[in-house]
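Listed next: structures, encoded as structure tokens.
Below are two complexes that have subunit A in common, paired first with subunit B and then with subunit C.
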Partner chain A sequence: MTNLLEVNNLNICFRNGKSITQPIRNVNFTVRSGEILGIVGESGCGKSVTSLAVMGLLPPKSSEITKGEIIFNEQHIEKMSEKQLQNIRGNEVSMIFQEPMTSLNPVFTIGQQLMEPLKQHKSLTKVQRKERIIEVLKQVGIPRAEQIIDEYPHQLSGGMRQRVMISLALLCEPKLLIADEPTTALDVTIQAQILELLKRIIAETNMSMMLITHDLGVIAEMCHRVVVMYAGSVVEEASVEELFDNPLHPYTKGLLKSLPSQNERKSALYSIAGQVPRPNELGQGCAFANRCEFATERCLTAAPPVFSVAQHKAKCWLLDETVGGVFSE
Partner chain B sequence: MLDFVVKRSLQVIIVVFLALTAVFFLIRLSGDPTALFLPPDTSREQIEEYREILGFNRPLYVQYGEFVGNAIQGDFGQSLRSGESALGLVLARLPATFQLAFSALFISLLISIPLGVLAAYKRNSIFDRIAVAATVVGQAIPSFWLGLLLIYTFAVSFSLLPSSGGGSIVHLILPSVTLATYSIARFTRFTRSTMLDVLRKDYIRTAKASGAPTGSLVLKYALKNSLIPIITLVALDLGTLLGGAVVVEMVFAWPGVGRLLLQSLLNRDFPIVLAGVFIIAFIYSIVNFIADILYAYVNPQIRVK
Partner chain C sequence: MSKERLLSVSGLKKYFEISQGMFKPKIVVKAVDDVSFDIYKGETFALVGESGCGKSTTGRTILKLTEPTAGEVLFKEQNIAKLSYETMRKLRSQMQMVFQDPYASLNPKKTIQQILMEPLNVHKKFEPHERLNKIIDILKVVGLSEAHLHRYPHEFSGGQRQRIGIARAVILNPDFIVADEPVSALDVSVQSQVINLMLEIQKKLQLTYLFISHDLSVIQHMTDRVAVMYLGRIVEIANTEELFASPKHPYTQALLSAVPISHPKEKRERIVLEGDVPSPANPPSGCTFHPRCRFASDICKQIAPSAVAFSDTHMATCHLYNLEGEKK
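Moving on, here comes the complex of A and B:
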């Protein structure tokens, strides 16, 4: 499989007045064509910032990619002009956001909003555009597609709006679909439907997907491979089976332990003690050291590199040669 | 919709009625009109005679009752001075006031919306900073002072434009610019802040993620969303604009309702004052009524309900 997206050694800084924070540190991962890559991690670990960077949607004045590269389909996203980015967004890469209630414009009809990417990227006649819109609305399981295009977002339920968002993303048949917590804001039953839909669409097309979530259950259900992020870095990367069977990083182990299915009989859910350090609180050592039950002296003074065991990578000193990891960077 | 119209019509009636009642009692508190327009050496008996003819000697509530009874039939009485119909006199001045207020509105919209959009788009640039500073000044200048300044500059020093009177476009320039200055500043600031707010919304990010170019993001998407609050503000300010016309009409001797109202107030020509207040309150309410309908038109969320 070829790599559709390569994120290499990505570093992102935010400037707010005089204070500078660095929420993304040396992030590496790849998305292969046709696969669903899951990105999982607690709130604030940098999942959304990473995905916005891939879209070239970081706020231009207050943020900066200080180091690293984002190579999509052999093009460097981080070097593109706004004009070049506009040609790619909604066309080759699309994004679905977390909040279906606020992500559609309240003063334009669904049809008007779905026209935009087609007008922008495809040379179709008005009739062809409408046909395409109805086709995609049907593909995402919207009943009464012909009527819906003349309705306004507030007339639709949250689940329907998220389907509209998905159809918006699919209109131009992108190569990569980024879904940033696409179901977090929805009811459980609707969540399952939407995930099922996304899975079906990926299977039917040649598209790849980056699925961002903090729910390992969703990862298990949907993804081929997983990237686990912690405090702005990738701490583990593996295939789904491998990650669930043989987690290597203590943080991943903690996440798996907190899944309800594994401690059903306990009265309270397990949760990892302590707090994620904020970007400006990170010191010399391992970012997870303050919460890690295996932390040693070395963890506090030196940040671990990435070790790999076959296709499985983790950023933890426990994988030092003694355990059989190979220093991979 | 019908429900809405009926409800709002009732509101209009109540507002107008309350305004008239308040003004009726307020001007009566300020004293008896007869003494003012009779010569100083008029004898007490003659004054009493006049009060009787005009009905001012009766108890206030009786006069009020009679006033309301007539007003409902559209009769506001005659001018105490000229004997002409009070309402007729006011209506005759209305076109001039409208002309002034709407020219000012037109000028302010023409300038403030593009200026506010541009300032928001170029946020924190030199242009934005200058625009914001200018709006602060524009909102702070008292209109009579600005009026005098403009008269001094353009009429006295350079003799480019007439300083007073009405009747032609040239006469309209200085008063409408004077009246517009405050609104330009206010609308510009408001457009800028509304646009900034809208540009941060999730749906703008969605449009951006669909590849919409910056131009259409700002001019098509964000502007349409901003128009809802802008129209509301403009409509609410129309009343203020009509009111502001009163002051400007005095400075430039513009022959509108405001000038007539002020003159009549000084002369204690009560029927004209009440007819004027009636017209202004009525127009003010109707304007807000129309604003609500417009608001519903641009905001589909309200339209459906």
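Moving on, here comes the complex of A and C:
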């Protein structure tokens, strides 16, 4: 499989007056064509910022890519002008956001909003555009597609709005779909419908997907490979089976062990003590050291590099001694 | 577990009237529509269902934070609707609430000490000189310390704020706590810490919980009995283990099957529900689940099913079963 997207050594920092926010530090991952890559991590760990960077949507005034590259389909996103980005965005790469209501414009009909990307990126006649829109709405399982195009977002339920968002993202048949918590705002029964839909679309097309979530169940359900983020860095990368069967990083291990399904009913759940360090509390060493039961002197003084064991990577000192990991970056 | 009844809810209704402007008829939202259940001392009773099905409204009405439209709530066998102001005030200290959003539920202008002192002052609990010590004790119970007394809510993480919310709820030494989605806003690694805290103080302080959640894996882990709500009504009640092993109502079956798997190799047969939850302002006729139910028949569209008892502890409302709890 070839790599559709390569994020190499990405560093992002924010300039926000006095407040310090979590910078993105040395993030590496790839998305292969046709695969679903999961990105999992806690609130504030940098999932959304990373995906915005891939879309070229970082706020220009307050943020900056200080190092690294984002190569999409052999083109350097980080070097592109806004005009070049506009040609790609919503066309070759598109995004579904967490909150469908904030990303649909309340004053335009569904049809008007779906018309825009087609006008911008495809040379179709008016009739062809309408046909394409109805086709995509049907693909995402919207009943009465012909009528819905004349309705406004507030007339639709949450699940329907998320379907419209997905159809908007699919219109131009992108190569990469970035879905940032696409089902977090939805109920479980609706979540099951939407995940089913996304899985079907990826299987039917050659599209790739970056699926961002904090829910390990959604990861297990959907993904081929997984990247685990913690405090602005990638700490582990593996195939989904490897990650669940043989997690290498103590943070991932802790997350999996703390799932209620992994604990006897009514017993105290396994839990990772403490909390994510604030950006100004990060020291020289491993960002997880203050919560890690395996931390040694070395973890406090030196940040661990990435070690790999076959296709499985983790950023943890334990790997060099215990499993014979190979220093990989 | 002793089967001493702490709370009894019967025929509870809460309708909201929404004005559409002059000359237009008002819309009536039947947020809670004829709900009945008992909660026994020391147990954790769960209310589960999708957003808008009436879980929070049920919890708030029980605590008399809003007035019911109809129905009765007995707390320790006293009808709380009929209590005098003074008796209700005393009872209130025995019934507390923990909210979903630890950010919104604490006053940002007050220190932790002030936040925790307020209920003690209002209810004149303990001698004034003892109160500070009591606050420090409670902070320790929830895993915080004296060092936090003079800090403000924004200086804490989400998990710590939820600990403060729990401290505020238990400081008056209540018997009963309504916990409305207490861990939903928290990250996974913090969620398990707060669940553990709730389990621990339940034992230590002999609490009874009404635990409201839409997260079925948390419900399965920490509750004793579950009531499943759909559009303002309870469609099934059972012991937690029995509900997960043998759900009877088609909605419960679909809800359980929709939970994401917990390991990539797990296979689950999914019952995909068509469409969305209808509006509680205009619920479907008969069994309100019928437009989405794969077993719906003519009778379901016309007549609301009554409760069927499968055992002393398991009931569901569905036409699929006869009154003996057998499939028709």
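Before moving on, here are some points about what is shown:
To be clear about the criterion, the second predicted complex is superposed on the first by the 315 of 329 C-alpha atoms of A that agree within 3 Å, B and C clash if a C-alpha of one lies under 4 Å from a C-alpha of the other, contacts with A are read in each partner's own complex, and residues count from 1 in each chain.
Throughout what follows, contacts are C-beta pairs under 8 Å (C-beta built on N, C-alpha and C of every residue); 3 or more make two chains touch, one makes a residue touch a chain.
A quick note: this is a predicted structure, and the numbers were derived from the prediction, not measured.
After superposition onto subunit A, the partners subunit B and subunit C occupy separate space and fit alongside each other. By the document's definition of touching, of the two partners only subunit B reaches A:Q120; subunit C does not. When the two complexes are overlaid on their common chain A, residue A:F14 makes contact with neither subunit B nor subunit C.
Look at A:E221: by the touch rule set out above, it reaches subunit C but stays clear of subunit B. Working from the superposition on chain A, the subunit A vertex angle toward subunit B and subunit C, CA centres, sits at 70° in steps of 10. Of the two partner chains placed around the shared chain by superposition, subunit C is the only one that A:G254 touches, whereas subunit B remains out of contact. In the superposed three-chain model, the partner touching more residues of subunit A is C, compared with the other of subunit B and subunit C.
For the pair subunit B and subunit C, the minimum alpha-carbon spacing after aligning on chain A is 5 Å.
Of all the residues in subunit A, the ones that touch subunit C in their complex are 42-43, 157-160, 187-193, 195-196, 214-218, 220-221, 223, 240-241, 244, 254-255, 258-263, 265-266, 268-273, 275-276.
Interface residues of subunit B, counted against subunit A in their complex, comprise 201-214, 221, 224-225, 228, 298-301, 304. Across the complex, subunit C meets subunit A through its residues 50-51, 157-160, 187-193, 195-196, 199-200, 214, 216-218, 220-222, 240-241, 254-255, 257-266, 270, 272-273, 276-277. The touching residues of subunit A, counted against subunit B in their complex, run 55, 57, 82, 86-91, 94-95, 97, 99, 102-108, 113, 116-117, 120-121, 152, 154-155, 165, 168.
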